[in-house]
Amino acid sequence: MATGFMESSPSSAAPHAKPITSDGLDLETIYTKVRAYTESLCEPLATEDYVIQSMPDASPVKWHLAHTNWFFETFLLTEYLDAYLPFHPQFNFLFNSYYNAVGPRWPRTQRGLLSRPSVAEIYRYRAYVDEHVAALLRSPLARNGEDVATRVVLGLNHEQQHQELILTDLKHALAANPLHPIYREALPENGNPPPGKWLAFSERLAWIGHDGFSFAFDNESPRHRVFLNGFRLASRLVTNAEYRMFLIDGGYERPEFWLSEGWASREANGWTAPLYWEKEDGDWSVVTLAGLRPLNPAEPVCHVSYYEADAFARWAGARLPTEAEWEIAAADVPVAGHFLEGGRFQPASAPAAEDQGPPYQLYGDVWQ
Amino acid sequence: MATGFMESSPSSAAPHAKPITSDGLDLETIYTKVRAYTESLCEPLATEDYVIQSMPDASPVKWHLAHTNWFFETFLLTEYLDAYLPFHPQFNFLFNSYYNAVGPRWPRTQRGLLSRPSVAEIYRYRAYVDEHVAALLRSPLARNGEDVATRVVLGLNHEQQHQELILTDLKHALAANPLHPIYREALPENGNPPPGKWLAFSERLAWIGHDGFSFAFDNESPRHRVFLNGFRLASRLVTNAEYRMFLIDGGYERPEFWLSEGWASREANGWTAPLYWEKEDGDWSVVTLAGLRPLNPAEPVCHVSYYEADAFARWAGARLPTEAEWEIAAADVPVAGHFLEGGRFQPASAPAAEDQGPPYQLYGDVWQ
Amino acid sequence: MATGFMESSPSSAAPHAKPITSDGLDLETIYTKVRAYTESLCEPLATEDYVIQSMPDASPVKWHLAHTNWFFETFLLTEYLDAYLPFHPQFNFLFNSYYNAVGPRWPRTQRGLLSRPSVAEIYRYRAYVDEHVAALLRSPLARNGEDVATRVVLGLNHEQQHQELILTDLKHALAANPLHPIYREALPENGNPPPGKWLAFSERLAWIGHDGFSFAFDNESPRHRVFLNGFRLASRLVTNAEYRMFLIDGGYERPEFWLSEGWASREANGWTAPLYWEKEDGDWSVVTLAGLRPLNPAEPVCHVSYYEADAFARWAGARLPTEAEWEIAAADVPVAGHFLEGGRFQPASAPAAEDQGPPYQLYGDVWQ
Amino acid sequence: MATGFMESSPSSAAPHAKPITSDGLDLETIYTKVRAYTESLCEPLATEDYVIQSMPDASPVKWHLAHTNWFFETFLLTEYLDAYLPFHPQFNFLFNSYYNAVGPRWPRTQRGLLSRPSVAEIYRYRAYVDEHVAALLRSPLARNGEDVATRVVLGLNHEQQHQELILTDLKHALAANPLHPIYREALPENGNPPPGKWLAFSERLAWIGHDGFSFAFDNESPRHRVFLNGFRLASRLVTNAEYRMFLIDGGYERPEFWLSEGWASREANGWTAPLYWEKEDGDWSVVTLAGLRPLNPAEPVCHVSYYEADAFARWAGARLPTEAEWEIAAADVPVAGHFLEGGRFQPASAPAAEDQGPPYQLYGDVWQ
C-alpha cells in the first residue's frame, strides 16, 4: 500500500480568509466587510512599508491595494455602471497585473520603482470605487442582475487572495531588513502537538473538483474522476522539530534525497534551511511578522519549497500526497482552522486534544 | 594647433552648492545653513519619494539623509565628543557607504529594500546629531581645535555632494514613473545663447591642482605641472539644438564617430539619444524635475555619457578638452553660475550679453 | 467527450534505436552492434565537429563517445571484472554526467572547453573498454551472472539514448553555423499524408506502465491504474502545413492561445516559429542534418516546445493528450516506424496508404 | 621626488615578435618568414586545440589563422590585385573582427561555436592568399607602389600581434583543462636575479611617441611633449618571490592597498592570487605552456591585472610608472629581450650579470 505524506500542499495555504459566495448574502455588507478587512491589514504599516518590492515575485503593498481596486473598476464598474469614469487614465496601465487582453501594463519587476501614486491617493482611489460599487449594487441592474453579483463575488475572492499576498510579500520585505521590524505582536503559542499517526484510505475511483453553483476558481473545476490506490496520510503537519532532524541528519547535503532539479535549485539558491530560518550561535531563530523569534519546535514547518518538502518526505521514508489524495482526505472534514480573520499570522501547532479526530491542520497552518 | 571642445566636464557638474571652507567663518552658522538646505530640498517630497532606488548606482533620498548624518556621527562626534552615544547600534552598518575601514555595510544595490528606519526616524537621527554637533562646537575642544573644524568642513562639503546626488537620484526615480511627477515648477528660461566662438590658449608649462590651505577633495591635489600644447576651447556649452543636429545626421548609427568601447556601450544600453530625451510624434521632450517638457533648443545638452560627448565632438570636427585644458581656461574666471542655492534645477542657456567675456557656463549648467 | 491531440509527445522522440533487451540474445553480438553503430554515426564528422558545445544543454560529440564508455567502465567493468584498471585516472571526473554518488564531475556547461583528450584518444578509450567487456562476457562470471547481463543491457540502452543525443546536439551545433554544413544527404521524401481523422477511445480504468521482465527505464514503472475519460486522438501527426496555418493566423502574437508561462517563455526566448525554421523573402526554410532545405509541408512539425504545442492545440480547438492517453492509444499498435537504424534522420510524412490502420506515426517521426 | 615602479606595463607585453618595418627589406622574404612563423606556432597542436574558445575575450586558434589571412585578403588583395576573387563568399562575415566599416560580422563571443571551416580548409585559405600576395608583390604595381608595401607591413605587424594572441589564448584554453596539456617543453630557467635598485630620472620636458617613417601602430603617435617630474624606476621586474610576500602579508584581504574599483573587481572575480597560480598543500604551482610547474621565485610575476599590480605597488610603498615614464626610461636601451622568435614562451628572470647596465627586462619578460 502506498503511503502519503502531507506537507506544504498548495491547497492548504494560510492564512487565507474564508471563501466568499453569493448564496443568500447581502452583497453590499459582505463587500464592505472584505474591503475594510484589506485596509485593516495595513493599519500597522508606516507609509514607507507600502512602497518596497523585495523581490521580482513580490509586489508593494500599495500595488496590491490599487490592483484589487482596479479589478473592480475594470471588470465590474466599467462594464456594468453606466457612464462610469475611471479614476485616473493611467491606472489601467499601472495596475493591470497579467491580463493580456486588457492592454499593456507596467512591468511586474518594476512595481517598486513607483513612489506615485502616493498611498493617500490610492486610498482615495479605493474610496471612489467603493462609492460607485455601492451605487451599482443599489441600482435596479444589480438587484436583478446575476452577472453583477457574480463579478462582485469574483472580485472579493480575488481581493482575499491579495490579502494573503499582502502578508506574504510584507513578510518577505520586512525579513530583508536587518532591523527586523515587527508588524504585529505574536499571539500565544499552542503546546506540543499529538504524535503523528498514519490515516489509511482505501483504493477507490473518486470524484474530485468543485461541485455545485457556489464560487470556485477556474482551476478547481471541472469535477472529474480519478483512480486512487490505497494510501496513508499523516494525521497532522510536519513540525519544526521533525524538520530540524532532517537538517541534523545532513538532509541538505545528501543528494540521494533530492530530485535532480531540486538538488540543482538547492545549489543555485544556496538553500541550507527553510526560508526565514537563521542560525546564530548554534540555535535557530525564525523571522516572523512578530519579528525575529526562537524556533518553536511544535509549530508546523513552513516556507519550504516543493523540492525541500519532497526531499524531507523521501528522507522520512514517505512521499508527498497528490492533490487528489489530499482532496479526498479533506472531503469530509469541516472547513475550520486558522483563517485570516483569526488574526494569527503565524502557524499554530496541532492541538493535543480536539473535538474531532484527525486529520488535523488541513486549513490555515501552512505558509508557503 | 589642436582644438579643444568643452562638454560635460566632470569639473562642471551642476547644481553643486558653492564649496565650503573654514577660513574665518562661523562654523556653527554655516553648519546650520548647509544642513537646513539639505532638508529644504526634501520639502516637495511625499514620504514615498524618499524610499525608492531606481537603479543600483542611485540611492533613496532617505539613505542620503541618513548617510550624511552618519558621516558626522562617525568621523566627528564619535572621535571628538566625549561619551558620545551613537543614535542606533545598527546605523553604522546601514549607512556606511564604502568606507571599508569602518566595518561591513549593507549592500549598495539593496538600499531600496529598507522601509525602516522611517523618514521620521531619520529626521530624528539628524536632529540628534545636530544637537551634539552644536554642543561640540561650543565646547573648548572645538574652539581651539583645528581638527574639529577640518572635520566639520569636510562633512559639510560631503553633505553638499549628497545634496547634488539627492537631486540627480530623485530625477532618475521620478523619470522612471510614467506619471511624470513634478518635483518643482520650472523657472523662466533664458533666450537664445550667443553664437559659439573658439577661444585660443597658447602652449605652456602650467601648474594645475589645488593650491593653498582652503578645503579641497583629495583628487584635486597635489598641485603639479603639465605641459599643454596650444588649444582652442569653445566659448560656451553645446546646445540641445546643436546636439540634435548630430542625431539628425545619424550620429547614433554611425560607428565612425565612436570609440570602440563607446559603440559597444551604445549597443549594450540601447542609446538612441541623451538620457531623459523622449520622442513622440517626431518631437523631442525631456524629463526634468519640473516634469515632461518640450526640448528647449537653447539649453546646453545634458545627461550624455563620456562616449556620447566624445562621439559628438568627433562628428563636430573637434575633441573633448582634457582636465588640464579646462582648468587652465577656468583659472581666471570668477566662480559664478547656477549653483544649487539659486534653485534653478535645470541648465540655463548662456546669456546673449554678459558683464564679462567668455568662456561662459563654466559652472552650474551641466548635469551629468 | 474530451478530445485529445497528439503532438511532440516525449514518448515518441525520434530517431531512437529499437530498445535492447537481454531476452535470449547473444549479448556480445548485440553489444558489438550497438557500439559500432554509435561510431558509425560519427563517420561523416570532421575532427572539429566532435569538439563544440553549442549551448549549455548540449554536449560535444566526443563527450558522448567518452561518457557512454565511462558508463560501462564504471558500472560494469569496475564492479564485475577482477583487477580492472581504469583507462585514465581523471576520466571519471571528466565523463561522469550527473551521478552524484560517483563523485565530483566537470561542469556540464564547460564540456566544450576541453580540447583534450583528443578524439583519437577517446576512440582508444572505447577500444580498451570494448576489449575488456568482451573478456568479461566470455568469463564464467558473465555466463552465469544475471547481474552482468542486466548491466550490459542497461549500458546499451543508455548508449542508444546518447546516439539520439549525438544527432540532436550535432544538429544544434551545425545549425548555429552560417555555412550550414551538411551531415548527411537527405533520403527521398514521402508524398502527402492522408487527411487527419479523430480516433475515439472510450472511458476506462486502465493499466499503464512497463509490464514484464524485459528492460525498461525506471520512469516507465511501476505499472499502475489510471482512470481515463473518453477521448479522441488525431490519427496522425500535425504537419508543417497545418502548423504554418497557426503562424499565418498570428498564433505567436495572440496570448489567448498560450499558457501564461508559455507566453513569458515566448517573450524571453523571442520565439516566432519552431526552432530551425528560417524565413527568407517570405518563404520558410528549415535547417536539417542535410543542410538548409525548403520547408516540406507534408512532414510533421518538429522542434516545438511544450508551450508551442499547447498553444497550437488550443488554437486548433483541441488539447495535447496526456501520457496515459497516448500509452493507451499506442498499446496495441506494433512498434514500427523510422527508428535510427533506418538512417532517416528527418521526420517523414505519414504514408497515404498503410498496411494497417491509424494511429500512424507513433514512433520515430518527431524530433524534439 | 616621486618614485616609479615598473610592473606589467602594456608596452612590455611578451612574447611579441620584433616589429616589422619596410625600410630596405625584401618584402616577399619577410612576408614568407612571418607567415610561416605563425603556422609553426601551431605545430604542437592537435586539431581539437584549434577549435575551442575558453572565454569571450579569447578566440580559437583557427579563428586567428583565418582572421590574419582575411586581413590581407580584405585590405591588400581586394584593393590592389586586379580581379582578385575572395576564397569564400562568407569568410568576410566570419573573420572580420571589429572593423565596423567592412560590414556585419559573426559575434565575437560565438567564435568557438564554429566547427567549420575546418582547420584544413583554413590552411588552404592561407595558401590561396599567400599565392596571390606573392603574385601581387611581383607585379609592377607592387614594385613601384608604396601603398602596397605599407599595407603588407601593416598586415605583418597585425599578424605578429595575433601570434602573441594565439599563445595567450591557447594558454588560457589549455589552463582550463584539468589534464594540464603541455604545449611545448620548457627551456632551462635562469638563476636568481640581481637585487633590485632604484634608477633615478630627473625632471624634464620630454618628447614621447613614435618618430620617423618606420611602422608604428596609430596609438603610438603623434610625437608630443610631456612634462615629467623627477622619478625613480626599479632596475628590474618584480619577481614571483616578491609578489608572494604581498600575498603572505594579506595583500588580497586588505582593502587599504586597493583602488575602490580594484577591490570591487577582486570581489566580483574572486581573485586570491595571480591568474594561473594554483595552491596545493600549501605550495604554489603555476600553469604554463609547459604544463603545471612549481612556482619559480626568480621569474617576474605575470598575469596580474592593473588593479593587482597597483595594489602591490602601494603595498611596496611605490606606484606604477606612467607610460611616459616608462618610455623615457626605455628610450636609450637597445631593443633586446625574450621575443617570440627565441621560443621562450615563459618569462625569464633578470640575469645576475649583463653586458650592459639596468634597466633590465624592458622587453619580453612579462605576459599579461
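The first chain written gets the first letter, and so on, giving A, B, C and D; residue counts start at 1 in each chain.
In this text, a residue touches a chain if its C-beta (ideal position, glycine included) is under 8 Å from a C-beta of that chain, and two chains touch if they have at least 3 such contacts.
In this text, all values refer to a predicted model and were calculated from it rather than measured experimentally.
*Asks:* Could you tell me which chains make contact with chain A and chain B both?
*Replies:* none
*Asks:* Which neighbours do chain A and chain C have in common?
*Replies:* Under the touch definition, chain A and chain C have no mutual neighbours whatsoever.
*Asks:* Considering only mean CA positions as chain centres, point out the chain farthest from chain C.
*Replies:* When every chain centre is compared against chain C, the largest gap points to B.
*Asks:* With chain centres taken as the means of their Cα atoms, state the distance from chain B to chain C in Å.
*Replies:* 60
*Asks:* I'd like to verify one number: the distance from the centre of chain B to the centre of chain D, where each centre is the average of its C-alpha atoms, in whole angstrom.
*Replies:* 40
*Asks:* In whole angstrom, how far does the Cα centroid of chain C sit from the Cα centroid of chain D?
*Replies:* 46
*Asks:* Of all residues in chain C, which are in touch with two or more distinct other chains?
*Replies:* Not one residue of chain C touches more than one other chain, so the list is empty.
*Asks:* Per the touch rule above, enumerate the chain pairs that touch, sorted by label.
*Replies:* Touching chain pairs, listed by label, come out as A-B, A-C, B-D, C-D.
*Asks:* Which part of chain A faces chain B closely enough to touch in the complex?
*Replies:* 46-52, 54, 62, 90, 93-94, 106, 110, 112-119, 173-174, 176-179, 181
*Asks:* List the residues on chain D that touch chain B in their complex, please.
*Replies:* 98, 100-101, 205, 224-227, 229, 255-256, 260, 263
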